[in-house]
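Common to both upcoming complexes is chain A, partnered first by chain B, then by chain C.
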Partner chain A sequence: MIGWALYLAYTLLLPPLLIGLLRKLKSRLQGRQGPPVWQVYRDLAKLARKGETISETTTWVFAAAPSVALGCVLVCALSVPWLGLPAPLHGDVFLLVYLLALGKFAMSLAALDPGTTFGALGASREAAVGVLAEPALVLALAALAVQAGSSDLAVLFASRPGAELGTLLPLVGTALWLSITAELARMPVDDPTTHLELTMIHEALILENSGRNLALVELGAGIKLAVLFGLLAQVLLMGTPALAPWAAHATSLALIVGACAVVAFIETVMVRLRWRRIPALMAFGLTAATMACLIVALKSEAPSPAPDRHAPAWHRPSAQPSDETTAIPPQRSGLRPDATLERGGPARAVLFAPRSGAEHV
Partner chain B sequence: MTPTTVSRADLAPQLKALIERGGRLALLTAADDGQSRLALAALVLSPDGQAAGQLRPALWRTPLDDDTLPPLTRLVPQAHWAKRALYDFFGLRPADQARPNPLLLHEAWPAHLHPLRPTPCDGAAETGEATRYRFLEVGGEGVYEIPVGPIHAGIIEPGHFRFSCHGEVIQHLEIRLGYQHRGLEEQLARTPWRQAHHVVSTISSDTAAGNALAHALAVESLLDIEPPPAAVALRAALLECERVACHLGDLIGYCADTGFAAGATAFSLLRPRAQILSEWLCGSRYQAHAIVPGGLARPLPGDQREGAEHCVTQLIDGFERAEPLLLDNSGALERMAGTGVVPRPIADEIGLVGPAGRAAGLDYDVRSALSQPPYADLGWQPARGGDGDVLARCTVRCAEIRASLTLLRRLLAQHNPDAPTRVDLPDRLPADRWACGLVEAWRGELVHLVLTGDQGQILRYAVKDPSFNNWTGLAVAARGEVVSDFPLCNKSFGLSYSGNDL
Partner chain C sequence: MTFGLPALLVAGAVLAWGLLLSGGRAHRRSALLLLSGGCAALIGGVLLMAAAPSDVYLAAPFSLGGSPFAFRLDPLAGWFVAVIGLVAAGTAPYQPGYLRHLTRHAETRAYWPSLGLLLVSMVGVVLAANAPTFLVAWEVMSLSSFALVATDGRTPAVRSAALVYLGATRVGTAALMGGFLWAHAQSGSWTFSDWHLSGAAALGPGLLVLLGLGVKAGMWPFHLWLPIAHPAAPSPVSALMSGVMVKVAVYALVRLFVLPAAFSHPALGVTVLVLGAVSAFWGVLFALLQDDLKRLLAYCTVENVGLILVGVGLAMVASGLGLPVAARLALAAALFHVLSHAVVKALLFLAAGAMDVATGTRDLRLLSGLGRRLPTTFACFVAGSAAICALPPLSGFASEWLLYQSALGLAVGGSAPLPRFAAMLLVGWIALAGVLALACFVKATGIAFLGRPRSAEMAEAVEVGRGMRIAQIGLAAVCLLLGLGAPWVLAALEPVVAPLAPAAAALTTVWTLPMGSLAAVLALTVAAAWCLRRTADLAQPSRTYITWECGFGDLGPRMQATAGSFAQPLLRLFGNLMRYAVTRRVEGDRADLFPRRITVVPSTDPILGAHVYRPAVQFIDRCGRWIARCQAGSIHAYLTAMLVVLLLLLVVGRMVP
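On to the complex of A and B.
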């Protein structure tokens, strides 16, 4: 009961503060005063009071999508132990990934619904980035799940990797950071502050939303930010000896705020990536995740030649060790970007393109 | 100088030959020739025999027997937009095109309105169809259109961009302007010429100094008077100040459009400094009403000169520190290099001007090509570019900021606060004369052309903003780029809508 109250309170009250903090940090880093930290609460309250302008061509999909998306992130927030305390619901790696995908799917449908070009453009871009970012998230979490012997997030985060900790955590951390920033539409993949409708990814998706609908979308985006950074914090906490609940909770909160500070810093000093180079960045994350999987696989194989009952079927050690390496190409080809990224060219050319030249088709 | 008469059939071949010799078509328009017939008036810059790269202005007149234009654009592609504007404003239709696409007058204007025409159109010339704009349709599977504007997400001027895309790749971009057409040329011809400099500064308010200077040069050349040397130097200082301020504004844009917040902040801190410099020089942060025919509206006292010199020093130091943030940043270079390329042959063909032209490897700069005072004595070289991409346009702008700041320092050091800065003007304009004012404004070649009638009244006042040449360059640069790089290409050209629409 306390868990429910705690998680609900944090889920609904913390995200606006985090976004306000992020904006404030960004402003201060850029030499500006910036809006007050509490501004996001006021903005949400204002949007909730305002009327909506809805295009006549929309259907119920447009009206329902923000609620569906918010519902998805709420279930995530209540099932992922992102605060360092046991979550009220039972969370699972695959549940998390599919909930995120479902929310995005709902928002993409809503963007297509009014029939405007920018909505469709945003939906296509968001889907392309999602296709590129998701495998790294899945594989990174899968590596941890195999290592812990369970895809249950509570069991997963309670486990402590042994000797291979020093290699596993940096790889998983890199993969998670890259795919989480892409998922959150942050730099260097997307620029949340741009006013240029032609370069927007996530912002183009929600151009048609207004009033209460927009408030739901903004709140959902904030919760997603808090939960995903909280997830990352739990992964980093796996590198420490088991902490007392209050210590784990405090460290999680500190790490979430720290992640916001890192985002603010990156968004101040970095240039947004060229659209055609996003696949290369995501491939970097995917490679890190794949290597993490490989390390876990080799380790679980080494001590016991007998099949490991707890490992998923696709991961049982095989007779020929060379199969382990041949298992990688299919995973890569699953990452094939859609035709909007590179007309006609094979996915490999995008993933491993040289710094310049080859991508100018 | 008197206009040379060129026959209708010779116009296009002669223009082509002139451009091949290194000359330029600066402005092409039409005017009433006094017998209620229209004549084409082309301001050309022909190469000077003695010195390489030097140009001399000359006016060509081509009397027209009817309302058809001689075929032009096949031989002289850079006359493309001028030809379309001639149809809009004078009802002159190209002989080889049945129904021309209007350039600046939209469907919302009355049908068959040709506002600058002295007499209504010949009945035979009008087919009775209202002008209707047709966008080029790109066919093929998977090709879709993105209409952008005329109202944009940011607070910018109105213009419509129609992208035909295949996936993220732009196959074709069509730019439609004219939303700000307000009849300025007509108004300039009607305004009493002594008050016209107030109207001139509204042509494009970010080019207030450039337009005021072009107007002053045109009127002074018409009246055959010379402004005092101190005024010539201070006008150049104002022009360079405007260049610095506007180029800094564009550098903020480069940073903002690549999402580079730290760079945008660094240049945003410098830009107001350039505006304060302008305030020291002329009392206005936007060079408004400072340059007038005959000299300057106000002299520059010694204490203001000191304030201005201090500002220039601050700008030089600040720019020295801010420039590497953008040009030594691998992320920014990666975004800019190879993006939005206008190859040199195409730049030549469409007649790109200003920083965009120099970035593509063209040498043309009005200040040096016409050996304008006071630049000729200042030991100065125009900036050169290279590859014609966004990066080249950015480096040319940076080089121009540095050159302009050096020029400003020299001009202010030479300034004598006691020297006269204005001469008196006669009461009337001379009859049956023409005169032009050419200025290298911050966007490039800016032309004002004045023709007077037999009473000394202004028959035609024509303005050509540099954007009129360069919008086509933007359409070329966008081709083959991904959609999300277009704002960066657009910013790298930094074109004016109101100066183009007039």
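On to the complex of A and C.
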């Protein structure tokens, strides 16, 4: 019960503060005063009070999508132990990924609902970014799941990688950072503060929302940021010896705030990448995740049996001869990172190429 | 057990059912018969899953090639019989309404007899215990489905599609027959359970059988008939073919390669796994490209058959590596996905058919803004899309989650680095196919149902009749129930997959997700957010208005995204695989400054069809024309041909001991 109350309180109250903090940090780094840290709470309250304008062509999908998306991230927040304490619900790597996908499905449909140009552009680009980012996220988490012997997040974060810690965590961390920032529509993939609709990705997706629907969307985006950075914090905590619950909790919070600071720093010193350069960036994440998998695969000793009763009952055969010829050739053809690298193409060739449709942004 | 009284009763009932169905002209009565037959098959299948395996032989006159018609009743067959029954019953309420629409432009006299034959023969394939019985049922299945595809035979496009399908079934059956003959030559028996070929002896017949089954299942690179035949067939037939018939081939694969392995060779498992993985990616990528809704769904079937084959392949590989528990889990995942995809794909094809009935087109370039006109079809299509994208808490998520777990199981349990690494990459690969499927179905749903109507037909479309709606709602409800009741489905699968790892812990222990509480929290949150919105609405009502008007008046339907423009960023990303190119032409006196007309045409070049199959077909065509010269009527040519064949047979007969 305490777990429920704690997680619910953190989930609903912390995210606006994190976003406010991020904005404040970014403003100060850019030499501006910036809005107060609490501004996001006020914005949300104001949005919730304001009326909304809905396009005449919309259906129930548009009205319901922000609620569904919020529900998805809330279930994520309750099933992922992102605070360093046991989560009230039982979470899983694939459940997390597919819940986020459900939210994206709902929001993309809502973007297509009014039948305007910008929403569809946002939905289409968001899908493309998802295709680039999600395999890296899943692969990185799968590498950790295999070394822990379970895809259950509680078991996964309780495990400690052995000797390969020094190589595994940086690789997984890189892959996770790149795919999480893409998932959160942060620089260098997307610019949350852009004012030009043609260059928007996530902002174009939610462009049609106003009033309380926008409040739900903003709150959902904040929760997603907190949970995904919390996930990253748990991965980084795997590099330390097992901590006491309060210490793990405090460190998690510190790491989440630290991640926000890093985002603020990156958004100060970097610009958004051009649309066509994003595949090359995401290829780094995919490569890092693949290398993490390779390291886990090459690990010689058997994985420690999962301590949790929920863990699937896989067992390793005792010294059974393995037939070398049954080895599966790795499917390189599509996951090959340099294949996506090529899509980036040289910038010069693109500059003078004939422009068409949405490509030239 | 030979032909006993219960078996006689069942056979009599099936015969009576078939005759009644064939004789019926009234669609409503035939649909009722279909419903009852489907329910009977469902119940029978569930009973078979609980019962001990048994064999049934027909008495003496009913035999072929020296072996009697034989049937094996066991849990695996029961699972597939239940799936066939479920989908047949699910599509039954839909049939009368659709057929009323179809009779306007097609001849439907052969429809019900062919449908009855198709269902009975599918059950026959699933129950067959030896090769002759299997082949007879397989042939009846192929030919009756051909007749169904050719229902609308007056249209030239349908005729050519039906011929392509017939050609594909011929190739498949030929390969299958060759494989069975080869296996018979090596084992001396026609009965499947007597075949225990392993090592090099298994490779040849195994690959031939795999080819034959792969053509029927739509495995890459033999999938090309699916996107051609499905749009041509009536929608309920597509639902049955895509939902169930391709799974019958999966059944045979499981029966002959896994439970128990009649052909066991390490390369076979790897082949199934790799071809399945390629199918999964290839299918969904080409689905993303399609403009015809039913072609899109057909390619999506290729993807899902690929995922099922990945599960079967994982089971084969894991068995070979000595990981019975992972193998059992992989097979359970594959069989669960068989069920879940059968239901979802039937639902989606029925919804596509409903759109066809309501608007007269399946073209995503024309379909638009139907959500308000067809509310039930819309809601069911959204549910089906979410289920096929494996979104929780629907059925697709449960089966895909199990597939991920079995890949992880191989990665955790495997001892050699290469299989471990490959299994982990497979996890990412399935995730990639999953994200692409999401994009594909956001496109299909969003373009067809959302936005503004592009034409008067779309703006005035009328929702389909009650029966057609009930069928869709029923199948959508089954999707949800299968997702929420995943542990019970797993418990039902337990006896089916038990032979792989008899001593292992119960299959349900693998399912660690508390689906009930997750779904409850999700539903509660959504409801709470929705209620908050409604209360705010009471205080300050939301305004429905023209958005983005900017003083210029309302936007037109041409401003909104099209299917092609939605998929464009993704297709550019993978453009090399299909030679995706966008040609842009600007007309006008000073085109750079004052364009009068801008035309953008995306083009693709399906490599497999254009550069592999077309030359092959042309070659066969040329050979045929050359051989046809012998039949031009010259008696000398005939006699020479006969002499040559006789000599050839004598020489071959001399050489082969």
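We adopt the following convention: the second predicted complex is superposed on the first by the 299 of 361 C-alpha atoms of A that agree within 3 Å, B and C clash if a C-alpha of one lies under 4 Å from a C-alpha of the other, contacts with A are read in each partner's own complex, and residues count from 1 in each chain.
Going forward, contacts are C-beta pairs under 8 Å (C-beta built on N, C-alpha and C of every residue); 3 or more make two chains touch, one makes a residue touch a chain.
What you are looking at is a predicted structure, and each value in this text was computed from that prediction instead of being measured.
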| item | value |
| --- | --- |
| First, second, both or neither for A:A65, with chain B first and chain C second | neither |
| First, second, both or neither for A:K26, with chain B first and chain C second | first |
| Which superposed partner A:L253 touches (first chain B, second chain C, both, neither) | neither |
| First (chain B), second (chain C), both or neither touched by A:A283 | neither |
| Touched chain A residues, chain B compared with chain C | C |
| First, second, both or neither for A:T117, with chain B first and chain C second | both |
| Chain B versus chain C as contact partner of A:L198, first or second or both or neither | first |
| Contacts of A:V217 with chain B and chain C, given as first, second, both or neither | neither |
| Touching partner for A:L99 - first (chain B), second (chain C), both, neither | second |
| Residues of chain A that lie at the interface with chain B and also at the interface with chain C | 117, 121, 125, 275, 339-340, 343, 356 |
| Touching residues on chain A, where the partner in the complex is chain B | 26, 29-32, 117-118, 121, 125, 187-188, 191, 193-199, 267-277, 339-341, 343, 355-356, 360-361 |
| Touching residues (chain side chain C, partner chain A) in the complex | 266-267, 269-270, 273-274, 277-278, 281, 317, 320-323, 325-326, 329, 368-369, 371-372, 378, 382, 385-386, 389-392, 397, 400-401, 404-405, 408-409, 411-429, 431-432, 434-436, 438-439, 441-442, 445-447, 449-452, 504-505, 509-510, 512-514, 517-518, 521-523, 525-526, 529-530, 532-533, 536-537, 539-548, 555, 557, 559-561, 565-570, 572-573, 575-576, 582, 584, 600 |
| Contact footprint of chain C on chain A as seen in their complex | 48-57, 59, 61, 63-64, 66-68, 70-72, 74-75, 78-79, 89-90, 92, 94-95, 97-99, 101-102, 104-105, 108-109, 112-117, 120-121, 123-125, 127-128, 130-132, 134-139, 142-143, 145-146, 149, 151-152, 208, 211-213, 216, 275, 279, 286, 289-290, 293-294, 296-298, 303, 310-317, 320-331, 333-335, 339-340, 343, 354, 356-359 |
| Contacting residues of chain B [partner chain A, same complex] | 142, 144-148, 152-154, 166-169, 257-262, 264-265, 269, 329, 331-332, 334-335, 337-338, 480, 482-487 |
